[in-house]
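Take a look at this one; I'll ask things after.
By written order: A, B, C and D. Residues from 1 in each chain.
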Amino acid sequence: MDILSLFVIVPVLTVLALVFSKGLKQARLISMIGSFIQLGMAINLLFAYFRERAVDKSVMLFTQDYVWFKNFNVHYAIGVDGISVALLLLTAIVVLAGVFISWKTDDLPKEFFVSLLVLATGVYGFFISIDLFTMFVFYEIAVIPMYLLIGIWGSGPKEYSAMKLTLMLMGASAVLMVGVLGIYFNSNADGGALTFNILEIAKVHIPFEAQKLFFPLTFVGFAVLGALFPFHTWSPDGHASAPTAVSMLHAGVLMKLGGYGVFRIAMFLLPLGAIEWSWFFIILSATGVIYGAFGALKQTDLKYINAYSSVSHLGMVLFALLMLNKTAWNGAILQSLSHGFMTALFFALIGMIYGRTHTRDITKLGGLLKVMPFISVIYVIAGMASLGLPGFSGFIAEMNIFVGAFQHEGMFYRVATIISVSAIVVTAVYILRVLGIMLMGEVKNDEYLNLPKATWFEITGILLLLIPMLGMGVAPLWLSDMTMDSIQPFIQGVLNHL
Amino acid sequence: MIAGISIYEIFTLTSILFFIGIYGFITRKNLISILISLELILNASAVNFVVINKYLYPDVLQGVFFSIFIIAVAAAETALAVAIIINLYRQISSVEVKDTEIMKY
Amino acid sequence: MEKILFYILALIMIVAAIASVTSRKMLRSVIYLLFVLIGVAGIYFLIDYNFLAAVQLTVYAGGIIVLVIFSVLLVHHIEMELEMAKLSKKIITAIACLVGLGVFLATIYSTNFNVVENSKTTTVEDIGRGLLSYDAGGFILPFEVISVLLLAAMIGAIIIGKGDKLTKNDDTL
Amino acid sequence: MDISYIVFIPLIPLAVFLLLGIFNQQIKPAVSGYIGVLGLATSAALSYYAAYQYFFVSGKVDGVYPTFVEKTVWMNFTDTLHIDMGILIDPISVMMLIVVTTISLMVHIYSRGYMHGDAGYTKFFAYLSLFSFSMLGLVLATNLFQIYIFWELVGVSSFLLIGYYYTKTSAVAAAKKAFIVTRFADFGFLIGILIVGYYAGTFDFQTLNAVNPEGEGLLFQWGASSFMGLSVITWALILIFMGGAGKSAMFPLHIWLPDAMEGPTPVSALIHAATMVVAGVYLVARLFPMYYFVEDGFALNIVAYVGAFSSLFAAIIALTQTDIKRVLAFSTMSQIGYMMLALGVSSYKGHEGVGYMASMFHLFTHAMFKALLFLGAGSVIHAVHSNYLKDMGSLRKYMPITNITFLIAALAIAGVPPFAGFWSKDEILVAAFEKNQLLYFVGLFVAGLTAFYMFRLYFGIFWGKETKYHHEPHESPMSMAFPLLFLAIMSIVAGFIPFSEFITADKAGFEGHLDLPLAAVAVGTGLVGIILAWIFYKKENDLAERFSNAFGMFYKWTFHKFYFDELYLFITRKIIFNLISAPIAKFDKKYVDGTMEGIGNKTVIISEKIKGLQSGRLQDYAMFFVSGVVVVALVFIYLWT
């Protein structure tokens, strides 16, 4: 049985079932069941992966290949390694948590869940594909429902934000498309046939000139989704307007596509280009890291703070990838996972706070620790995870990144590394600022005193995200080794040329 | 054949007429004026047909036939155009181009 | 003699054509056009296509110009000055036309035409036979088509010119 | 020696934390207090057992105390570089185990009385357990990264405990300040670790500290690569010391410590007096061979001078503070400076390593008497509900036990024999005298100041003016009195422990002896301080006020702690927030986002223009057509040949 294609089939079936459902209760139940099956499959895949990995040492496991469009040699080719498995697990968890958090979507529930699951389908598909074209198709499938989700179920200037987000991401994918086609048309550099399969392209020696030209296109195309400075501005507005579950999914999973794409495609297929351009993008990403942190310092809207924090954290991912060594790459993957859980948790909590107090302005909130202890305590924990406290996933990711970045000799890299490290201080400042103003202090508004407690589905959603975060932070060895092993074949190309 | 006149001079004349017609077609604002400019263009090309026939292929008569057809079509076209112009004038009491833009919607 | 005649004709035609597209009086514009058409007929005479010249004179100068003059009189007051286009538009158009003319002339003068010296006179009979010939190279079919076209145009002109019934009571009539 | 059971010393508090943290609502306060105390008591018992085993049963091997390590890989960075988790047993970690568990146990017991009736009673014990776990983990760390991990955890427990009264704005601000300042220091620490990791290729203490049989460190070879005139390892050590200075409140990273007194008093006693703040000292001691051998101890000199300066600086400020906990806070800072000073002047081998020994000794005794002082102060605050000296006076009549124990502690810190402080302080002065006379005199002067401000405090609280109280102050309950008594006994007897036999830099131990002339000078200085305080504060009089007026400006500066808080506030508020963050936010909105918006707007404008071309006017089309034809003709005839 093809256990990978199920990751696309099950959400599609769920969507079909949703089409025939009536009302909120049925819709959410179906979504929950569908997402649960996904999670079960992801966990099953994890164990299957370990079993298979023990005997099979090839780069990708569970590979399947069907010809899709013969003239251009487009295949529906899928396969996973440790990194995709980890990211699939992340996606499954965040989607399920997202369904729980959207338990009370009154407005067009059916359509909401359909869009949510279509988005999830795109993400799953992206993570399992090893064919550039398939990957690109799934990428677009993932990005487009965003427009509907924000534009219809959002708040504030939602049309504007949705438009901005979609246009910027579409612009990026246009650039990306050029890069992908550039890779495709150079995939016969060694005399073979044109192909979209990344494993085959990786064996080809794409000429240096082509690499130099197409690397920045591919990199920027993906990195915009990873909120690369200065193309990050869609993220604060988009997140601020998006409904809770969408923010979770977007920041938690969709933005990971950027880093994943960079490392799977840009760096893997164009290693010479990566080496050639890394200095330039290091400047941008290191700027993004520190810039996002400082940007978050002055915001008062919770979602804006978190969006800028994402800019900073994901800047770290790109920064690590550009450092071009194994430790840093491992850090980047771990940071993607960690940020996925953490930021999804943040957005879930913000959604709960907003749902109760109807404001996201921290200056209007205060003393929430007294009013809603559970949510506040989790918020503190999430905050601590965000500022890289040991025991949470953020710490191990950041340490991998820093240690890896420090392996890169040269004054320029050292300075960039130290600048990025300094972000941990600024992060502490903005996180504590929020905690201090919002959770601690006197209760600002008497109405807040009798707000409802966290409900069971909220608690379930939170725990789903919190436990993996803790698990990663306390016992990182198995995960870190799993991703580290999978990085090896991908970084080899870069290392050969360094 | 016109004695002492080369084909180049006749082409020069027709080209000038042709572009005067085009100039008129673009700059005039009155439907009838546009029709007049159109006649200029048509005549310039008709002369070209005839001249080429005479100077280059004197044994055949195709150029002449085409000129006759051009004249016939021009007559038909003018008749229709005048009919349309008159009808238009009845409708909106104007034959200015700017008043007839309603067609684009 | 013919050379001088041609130059005179050419001068008249160009001046009349320019006057025709720039004149602000409608009727004068039509009359200038008449001069051009007559000039064209003159050129036909010069190159010895007498029948064509006659057709030109009767159909164009006689028929079309009269038609146009009628329509002018129907829709215009004689004294009415025509509205002119914006200067910028005129200049742009003029530039485009001059450049286009330049291109034409440059092309014409750089082409080497294979001129055949002759002084053949074409008779009406030649034309009639050519037009009505069934043989290969005969023009009977286009001729018939043109006749049908003329008929259609005539009917169309009448229908359109007659106007719509609905507009009969329009006070613009 | 089997050391595996030592793992449970930190793990028991962790279990207690999880238990109390997760079932926060379900567990009754009375029970949670017992659980906390019981957990810590078990840990303490294990620690004592471990110490006994280590020093007396296992003993020396080849004339030195051996180092036992048990560890497991926690995370791999590269093939050679990895973080281990484990426990490392050597003399100083065993000593720290005892200090931490003892003080923590006492504080737990004390808190049962002090925090009685508080709404967050269970939460408080959970936090205390979390702190104990982190601190014990820090103490037992086997490598730099492990110590960093627990370092951060200690920082966060400190944050939680300082901000325990989270509805109080000042407490929240203090907690934030403490966390951010130490975080800033940790930034340096982390960079230092990264440098060590890269150039030395390991984080492991044993490898880093390895000393060859000739008594030389093995780190010479890493001194090669240099940056700005110093070897990178020296830089790393300086940066690591920056981390230590942050936690230990050394100048200029000291500003968080006085504010941290916003936390409940037992917390101040545990974290901000006895254990966490000495982590910096412990860190330097842990890496002592590195500090000593790399580049002739350049980094160690910095430690010494920073320590001496902080010590003097804090002692001067302590003279004028009126909040009794702040006086104690500055006193702590001053005493830690002392320990740093001692480490800084120490050598490695044999008796020359007296500074190292003295530092550890002082750490030990200081933990006892400073915890006692804080708990005593807590007892007083509990009784009069105020932190300020002006609200106190003549309390000896109401609180006999507190009075006596506080006096013992004050005598101990003032260095009066035979109390604990005398012995350790004397060793420090001896070490300084042998190495660096300047630092010796600074130390001596600080000793005098210490005696003076401590007795100013003592007389101010228990003697001095008669104060009217709203309701009669009463002696604290037994749960609070017992720790006071226990620590008082420790403050007396701790000095008699022959420290030099157990804890020395080279782990070999040496015969300790008392340098009588130096001791006499030190005691004399202390006594002068006490007598001055007696004159000034024993009876209510205006001597002190006249004196402070005479100093005028200097007094004002001291009272405002040399305006360091204001300086930092200026830097954070004005520079970071207003000059960096606000412009960035604006820049982002206006230019970065503006550019993207601009592209969008331009597209709309251009499309409006293009829309205009599609006018529906035939003549316009004709013009485009003609122009187009002309252009195409030109291109194809002349350009594209």
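Just so we're on the same page, a residue touches a chain if its C-beta (ideal position, glycine included) is under 8 Å from a C-beta of that chain, and two chains touch if they have at least 3 such contacts.
Please read these numbers as outputs of a predicted model, since none were measured by experiment.
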Chains partitioned by contact, chain D not counted: A | B, C
item: Between B-C and C-D, the pair joined by more C-beta contacts; value: B-C
item: Euclidean distance of C-alpha centroids - chain A vs chain C, Å; value: 73
item: Centre distance in Å when chain C and chain D are each reduced to the mean of their C-alpha atoms; value: 103
item: Centre distance in Å when chain B and chain C are each reduced to the mean of their C-alpha atoms; value: 5
item: Centre distance in Å when chain A and chain D are each reduced to the mean of their C-alpha atoms; value: 37
item: Set of chain C residues in contact with two or more other chains; value: 89, 93, 97, 100
item: Chain D: positions in contact with at least two other chains; value: 623, 626
item: Where chain A touches two or more other chains at once, by residue number; value: none
item: Chain pairs that touch, as defined at the top of this document; value: A-D, B-C, B-D, C-D
item: Chain B-touching residues of chain D, taken from the complex the two chains share; value: 615-619, 622-623, 626
item: For the chain D and chain A complex, residues of the former touching the latter; value: 73-78, 81, 83, 145, 148-150, 152-153, 156, 159, 163, 166-167, 169, 172-173, 175-176, 179-180, 183-184, 186-187, 190-191, 194-195, 197-198, 576-577, 580-582, 584-585, 588, 592-593, 595-597, 600
item: Residue ranges of chain A in contact with chain D within the complex; value: 164, 167-168, 229-234, 291, 294-295, 297-299, 326-327, 367, 369-370, 384, 387-391, 395-396, 399-400, 402-404, 406-407, 417-418, 421-422, 424-425, 428-429, 432-433, 436, 439-442, 476-477, 480-481, 484
item: Partner chain D, residues of chain C touching it in the complex; value: 89, 92-93, 96-97, 99-100, 103, 106-107
item: Complex interface listing, chain B residues touching chain D; value: 22, 25-27, 34, 97, 101, 103-105
